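The following pair of complexes shares a single chain, chain A, combined with chain B in the former and chain C in the latter.
Entry: the complex of A and B
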């Protein structure tokens, strides 16, 4: 509990981190209270109210099929964060043990695993993601699975690098001498000391996942209408942008920026918090 | 060991190239394997998915033959690899052309876009980083911090749309965001495939102006999104070197500021080279989005059409060519990295 209080106090002293935290809280509010906060149904088309500019009735205007953009942005928070957080959570849960094993046991299997990861990472992320999603079927869960697969090597690599620098330290040798099993050494002694870079990476990856999800939907390789999703909403407005109808694409794009920004700011805060050179007090 | 002696006597650049080159073979094999597996990941029978419910047994058999889906998985892979090596990437279901021909036709458009974006990204990111480090706490320093934070959070497709809105629809400065050249002008005769180079070769300055104009918005889009990462990294590397002893010594010896900056930049080169290679891969993905917005008619737009039309041979071909291209870029980057850092043993 004191750790959380300490971290909160740390954030409160840093304006950038505070902005990130407030933005994150806003998103949590949007997710939990979406039906209350929305003024219209997010998926009901109203052809009469097509392409209305922002007004007191439609705060952010309406899109070409007359759906209320503000309500769709609120509901889209659920979809976008669900996909991104799930993808990163899966990548973390799978990638961390792999990184731990690969760093701890150094044999042909671990070098092979690393070569495979090198290889996955040498593909252009967006191109591979686009191809995989369109082959597997354009479902929300497929987008999440594909993103998870693309992120697993990132976490495995980060953990492995930490494990390699920790495995020959005296406290590990001490644990081994006192009869600790490999499993105990890995999970009780190495893992807690190797997690910090990965925790920072979680926040960064969620931001990247939001951008990738939005990009995939934008080109039609992600979720489909009428699902409220930020990238898809920008795409719906892209045809009208040239005619000067700016509100259809502007607001969902702004939502993406603020969401990604919140995770980037929090990643910076977490990194600084765990930095051993930081002065306490 | 005469062979070893011979190796040692080769010039260093040649040794670097020769030691790197064989690595490309297993990597290319891997790329071919992944693109091969891509279509096998399709749930259900790909021929049924592509032909729909109206398929006759004959057309299914034809397509199976055409896609190389007969025989064991191993036989299929050998068959596919044989085709790829001969430059046969299958027939696009949508354009009915050989995929290799389609891709070759469209590649210059994408390469031209990436070329100018990378150029502008480099110039912009490196100059901002240098100014920010040389004049700390100045305007550029603060602006670059804000930009570095924001650039990573902005979706490229959204930036493209905003630029269209502000520069074309509102201000009317930028030319129309469709295609690579004014439709009333004729494209210059293809020599390099780059419209800007070709129109210069042909001496057609109207086409030159038009193709540069059309490049403006997409290149600006890619640069705004891309330059942030490079700027941040250059700033960190350059700042470290700027504070190092040898720079302090140069300053104490009375070298002019310009020369010191150049020397410091020379030493920050290796990480910049690595990131540039990585960014070219990123640009290829971003080009998919940006080309769609600007109807660019390059590889990216072709890939999006393939996705929308479930044109799997075309998609497969695109992934293969894009990945092979990236591998080549990484190879060149690795070689340049070792050339730029004389401390690396070959």
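Entry: the complex of A and C
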């Protein structure tokens, strides 16, 4: 059985993971079929239809400039997932080898690297995000780069912690006695055993990245109107919230919740799946 | 009074326990009377611990009693309320588990913890409870009890922690003591002290005790009766002397035979090549004044290995014997250069290997191999057996093609008597004995000249241990290996070592031929080690 089919079968047996998978599939559908699913253009303002409550014409209502919220939520899935997935992929690809090297070779260079990570992580996320985005400009890709920089230390630390606990394990000593070189020990013995928490972290991080993208947009340091993005939509709606206009913020907010939830639920399933002691069936 | 005397302390009738539908205990019948020590013996998975926990209704959540009855001092455990059960546990029946340190709360002083137990069972003030705890500490042989009572678990040695746990079990005056592998992992000398104490306290107070163990030596020395368990059943139950004289079942005799030392068949005369090479052959490995010091964070220097010297010729085995902390494992790690040594030299085939740079030493690993202690953790859990055994072959210039590698792997599996189908499984799918064999196959794959065996028989069941001893002995004779055999298991030393070196505090205190050392030990420490051994031959007559 192929890996994907095996994983799907595994998920089908766990209700929580199944919910996560269904939510993820809905997002994929929204990304692929956005033009078909949307009822209006996501970026066309219609001042006459400003702040309409949900109706048969505008399912989730309209915002202050009269843009259809349902259509914007659908199109925003593309932006939000693109930013998050790219950021986390970059962070994973860069962070994992760094963590591996830093954990395996304990010298001045690895200490220095860890201090740099301390430096990055000791900044409040939003201050750092605002600083970087304001230097580089409020573009989608810049938001992704900012998030990648934020997540590199997360993956590097996670791998490093695993490496530190693995490197003195008897099977590593046994491999060394079998003539394994540093490279073999690092990549063939340690890495496969150290990877599981990071793979789980990928899923969690995508969820976090969605939240951060939304948060950055909310405080005005992310993408700019009229780009459809969930956090920006919540932000736009928050100004009318006290006037009883609840729909502008609520629906994109729900989209964020469901999207983050889908990755969190899948993260648990992924962790269980990669446990080597799990009975394959 | 007569009535009370007659009702047994523990009476189990037809007890069956199942874990989520899978049977763990099957129709167990067992009785324990006052003033009696019963040994329950069995291999891993026989259901010994489940039995102990069933007695005090402390089974894990997914396990349940499916049939049968347990009576403690005449009352059925099944009918007890939660409050009655609470009083039963620790009050009437005390359980002593393995690994005392993990049984104690790390953030409370041991005196407080033991006093808690008493307060849980008696209406008694804090001060009196603590005084009683100190009194019990003295009775279980803790010197300076008052000071020790204020100590935290991490400040105690393993043996001391085990005494505290025994004190904890004894303080509320139980009628029955269950010792579930209570001395597993302790050094032999400590084990004997702890068990002597436990059993003598039980006898003094007329308690009933159930000693659960896999060591027939313990049964022979301490128990009145023995029950042999296998697959959740009691195979046979007899007076200890009767069992040792002649077990009634074939499984019982297998266990008994496996627990006995193999007579040493390896006197040098047996070695086929020895007479031919009359000239003193050069030793394969020669260790001269090896030193390895560790410094603790507080700046204290520990001399783990201090001026250790020995030599091992081809086809011979030197057993390095000592208790935990003696430095014997460190010696092994220095020899295969897992640890850098501080001074001395290791001559392999006449050339010093300690001075070589790593890159120059790496090809030599083909000739110098090590079998690791813990069978499971020394195998990468994500590698298949085949790949694990093949890994060292990268050092062997004669094995280059995938086909040759595969052939050698199968050859090795056959050598350690494992079926070829195991080549494609992962380590966790193997039993402990099979894992050990894979570890051995891996070390021998490059056909080395010198192999370090680090504790090859620990953590194995009786029969498996005997099989591994036989295997190592055969291999060594077949391959004419020079072997350093690091162990604290004297039984296995007797079975497969030509020479013995006894280590203590980083130094070799006595060395010589195995038979001579066992027959007439010279050093006090050697005598103490031998005295702590519980060989069943002494009892079996």
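The rule is short, and it goes like this: the second predicted complex is superposed on the first by the 254 of 281 C-alpha atoms of A that agree within 3 Å, B and C clash if a C-alpha of one lies under 4 Å from a C-alpha of the other, contacts with A are read in each partner's own complex, and residues count from 1 in each chain.
The rule is simple: a residue touches a chain if its C-beta (ideal position, glycine included) is under 8 Å from a C-beta of that chain, and two chains touch if they have at least 3 such contacts.
Because the structure is predicted, anything quoted here is derived from the model rather than measured.
Of the two partner chains placed by superposition, only chain C is touched by A:175; chain B is not. Of the two partner chains placed by superposition, A:183 touches none, neither chain B nor chain C. Within the superposed three-chain arrangement, the count of touched residues of chain A is higher for B, of the candidates chain B and chain C. Of the two partner chains placed around the shared chain by superposition, chain B is the only one that A:256 touches, whereas chain C remains out of contact. Shared-chain residue A:193: touches chain C; no touch with chain B. For chain C in complex with chain A, the touching residues are 333, 336, 338, 362-363, 365-366, 369-370, 372-374, 377-382, 391-392, 394-395, 426, 428, 439, 442-443. Of all the residues in chain A, the ones that touch chain B in their complex are 119, 122-128, 130-132, 134-137, 207, 211, 214-215, 218-221, 231, 234-235, 237-238, 241-244, 246, 249-250, 253, 256-258, 260-261, 264-265. By the touch rule above, chain A contacts chain C in their complex via residues 169-171, 173-181, 189, 192-193, 276-277. Contact residues on chain B toward chain A in their complex (touch as defined above): 27, 30-31, 34, 38-39, 41-43, 149-150, 152-158, 161-162, 164-165, 168-170, 177, 281-282, 284-286, 288-289, 292-293, 303-304, 307-308, 310, 312, 315-316, 318-319, 322-323, 326-327, 330.
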